[in-house]
């Protein structure tokens, strides 16, 4: 940790600060300049609160030298984490496609979609049973029944499942779900993260719509700190001033995450843009930037979808896209 | 609802769209222009999904005419809602100050602060027992014990309590808490909102750090739709590109909310800025813009605070500020 | 300047960095920690390029200790700058109101408005002759003729003038204008700033719609570096994700600027919100937060205004508002 | 244009609005609903000011049906515009790479870089002579001399030139420059756009750091409205809350622009990220999303670059990248 103080500071003003720091068993090394003095703190500064340091009137600024995350940090874990989902791998050079509807609506719907996306080449089935909707009057998902219908689709097709949990109360219902998704709005639902940290099951952690990459990694750290090392990060667009798209896909997050962390990162092109005609270019861009997978919304009848129809591909569209995805993934490996 | 389609659309392309709309028992009135045709939908359009409309290829854009919220809407409830918190009122011309530490740390700490802020004129005591922290390694609050210490402070001073809930699991512990706070990161934790909608107790709903005013009102609608009409909105700064402050206080939200809704709105100047020297100017600005109250972080020893010390006032600072607040509130009524 | 390098760096990797730094006649003081080494640079680091430092692979991060601005910096100029505009003062405890139409449209229009706002108590007249419009098909201002009409209004009422310049080519036409305004879109038109730095006339520098406070101060530094010390800063709302208002007034910028700089700061409540009903609450909030003045759009017939009618007050509305402004300014001095 | 008014509006309140609209020779068609009445305007609404409509108290909202741009609109110009730069084409399936230093520093520097990037396969040379720098104390470019050095590099290598203009005063100096660049900070310098509209020379129009896609297209419309049809759009990252990158590359802008406009769009991966290690993934992502070209910063010695060294590739790095670019461009055509 580095603390910058004014060189004009009087010694009694500095004394309080020094006492505070030294009470944490940390050494202070001073570099005195003309206008400012730099205090370099040597030792274990993890427990020193930057905020508390800022309250001393002599302090002009404080800067952490170390990243605030450890378990997700590539510095302490150089090798890529690979997540195996029923035989489909994500990370470490492995690429998988997750596809399915925004929400599970009926036995026939989920089965038709599951069979369609499987035939098109998707490995893993997604489907929402609990739906976070901004309006209390919108369809909220089939909940427990939705999870049962997903299990039926899994039994019929052999596809592993991804589904979103919204509350700690429901975790017990996700036994047959292979990957539990944390939605963007719950990225900092810390209580939920803590509970998921106790499981031995992959967690798909979506980035919050206005969360920094550092905050996102800190939320992954919550899960790993609980003992669950199987975290997949998912970039799904961030909120900006631009209104031409629902969100702005932050494609740079892919190489940044690869540098900072060993965890795999996939992209959700459907929520990023909010429009079906953007799903293809954003999927291809994500692959070219190094993503480890994609999660794509597909519906057998987007016009009758109970949510997010505007961003869903129909099955033939997904089929055409997935052929391109396969080819580009193979090409990128050869590049 | 208004739908814009191209005037070049062929009749069979339009047919599917018309059938879809008419299946909802809604009438279509067309206005044909040179390049575009406008479809005005007359009837109850609440159940028509804008998203589904967008999936029809002929549709260029869709626009809702009515606000998506009803219970919080001033149009259907002209009179200001007034919330009574142990005799202290918020809304409808009533102004109250809530003050206290970011987190409850000990019996002596909360008692000293409670007595200090009460003497300075604050009506209501705040204190965090469950703390949402971005790092799993940071102090997470005293949890149940924290709530007990708050109860002791309430018993000793008579001050009603505000404290934050982080999970549906804990609601039962909040019996003695007078106002339950929903933090910014949980503004769209819809399951939590639904549970709080079942209570007969005021809910302080903070605005999410990247949520629009409309989304915020929709979250209030969740609580009211459950039957709980006692909602207080709290603006606490939004996330922008500016880094000189922790968040950007959206002072315009105050008059906007006053126009759109009958619910009271208060301001949190401490989290907005993240720096204690900004608490005074932002508090005064909030009052001048029409806020119904303030929630201010106060600590007996900010340098030793276990969280958010940098933005906390000490007791003498709060005392000086509260005197100004009182005068400005009185002045604004006379203006 | 502080440079953080990994403690694992090899000496030959560090050598290149050290040679580079020492070639600038700057001393390096090292603080060696377990995982990182901190290099504190002592001496005149102004000419060392942070960017160049970042290119050395051993460097993890670089941080400037000193602000990058000098002339606008309160540290080197403790006393508030006061700008005198034809007898009306801004800064150092002095407050003035600038009012007038978005654009000058005709002799009668500007004269009627000038007389109206003067009678209501405004000291200074604003009016646009050169208008930056996002569409090439929108009214672009009366240009030279507009400035002539402003001069006529000045002659008739004695009010000093504020008007916006859009290009270095036109500066010569602004002889009779008392304060030259730089619009938000030109805040980083550095060539224009340099030319305005050569004048002996106050410059009203609006904040760019997505510029940080530091960038804004650097633009003021451009003007002062040219020799013109008469700079007035104007906060006019920043661009955020919120769409309920045209821009988001950053009211915190007022106390932040007061701390960092000696320059006066005024607020434009009309452009901040883009809606006339928000002008009053935002004006009062700005005063309460410590602003040195306001610039308000007023039109004799907002519905026929050639630009920005939606945010303009009519003359009776301004008259009512200005009475409140006067009272609040006086009250704040007494607080 | 669509205007929404309350169904409770009294007829005399509506009268003023109707008179205003009808004075523009536009027909009004009403759709009366339970709570709102929709007014559809038929005829040429281009000259009707949405702002003026908003000032009528009965109006709840106004919406344009047509895009505000014509010449850049794909609806009126279906075929892709192709720009030829000394034999290198951009748009309509043609892809070109522009490379070179942030700023021209010396004869030897620009010549070495020009030869290096040409050998690596770049077609077009970029180099800044006039540099927009946020600090008045930073290197401002060699100006006229810089342009002369660029001409020498062009003579020696045959490469066409791209260079940025900062002021209308300097346009005459750009005779030998093949493509004139408008920087992000000047995207809404409307006077400059108007002057460039008079030339018969391609203009590279960078997106402003906080400008919407619609505003960007309007700025292109300014140039085309002046008679110059040779506009190349350049996405270079937008400003968001994320600080891990200098800007956030808006990769979705590529397919959006392709849909809305016939103009070509290229990407600047160097400014988007501000870090050299991100240039490769962002370049590849841009190609996969459909970009028509790239503009990349390359320096023979990034550590000694007078500006933006941190984001510059050295010549061997560019050589390696360009080989991948060529392969991916070819692959995408086959996809």
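As written, the chain order gives the labels A, B, C and D, with residue 1 at the start of each chain.
As a working rule, a residue touches a chain if its C-beta (ideal position, glycine included) is under 8 Å from a C-beta of that chain, and two chains touch if they have at least 3 such contacts.
This is a predicted model, so every value here is computed, not measured.
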For this session: Could you find the chain whose CA centre sits the greatest distance from that of chain A?
Result: C
Seminar exercise, completed: Contact tally winner between A-C and A-D is A-D
Problem set entry | Whole-Å gap separating chain A and chain D, where each centre is the average of the chain's CA atoms | 31
Problem set entry | Averaged-CA centre spacing for the pair chain C and chain A, given as whole angstrom | 38
Problem set entry | Residues of chain A whose C-beta touches two or more other chains | 210, 239-241, 243
For this session: Name the shape of the chain contact graph, picking from line, ring, star, complete and other.
Result: complete
Problem set entry | Residue numbers on chain B that touch chain D, as the complex places them | 2, 4, 29, 31-36, 38, 40-43, 60-61, 63, 65-66, 210, 239-241, 243
Seminar exercise, completed: The answer for chain B against chain C in the complex is residues 210, 212-214, 238, 240-245, 248-256, 259, 272-273, 277-278, 281-282, 284-290, 324, 327-328, 331-332, 335
Exercise. Considering the complex alone, what residue numbers of chain B touch chain A?
Worked result: 16, 20, 46, 49, 51-52, 54-56, 68-69, 132-137, 140, 166-169, 185-186, 188-192, 194, 209-210, 215, 218-219, 221-222, 225-226, 239, 275-276, 302-312
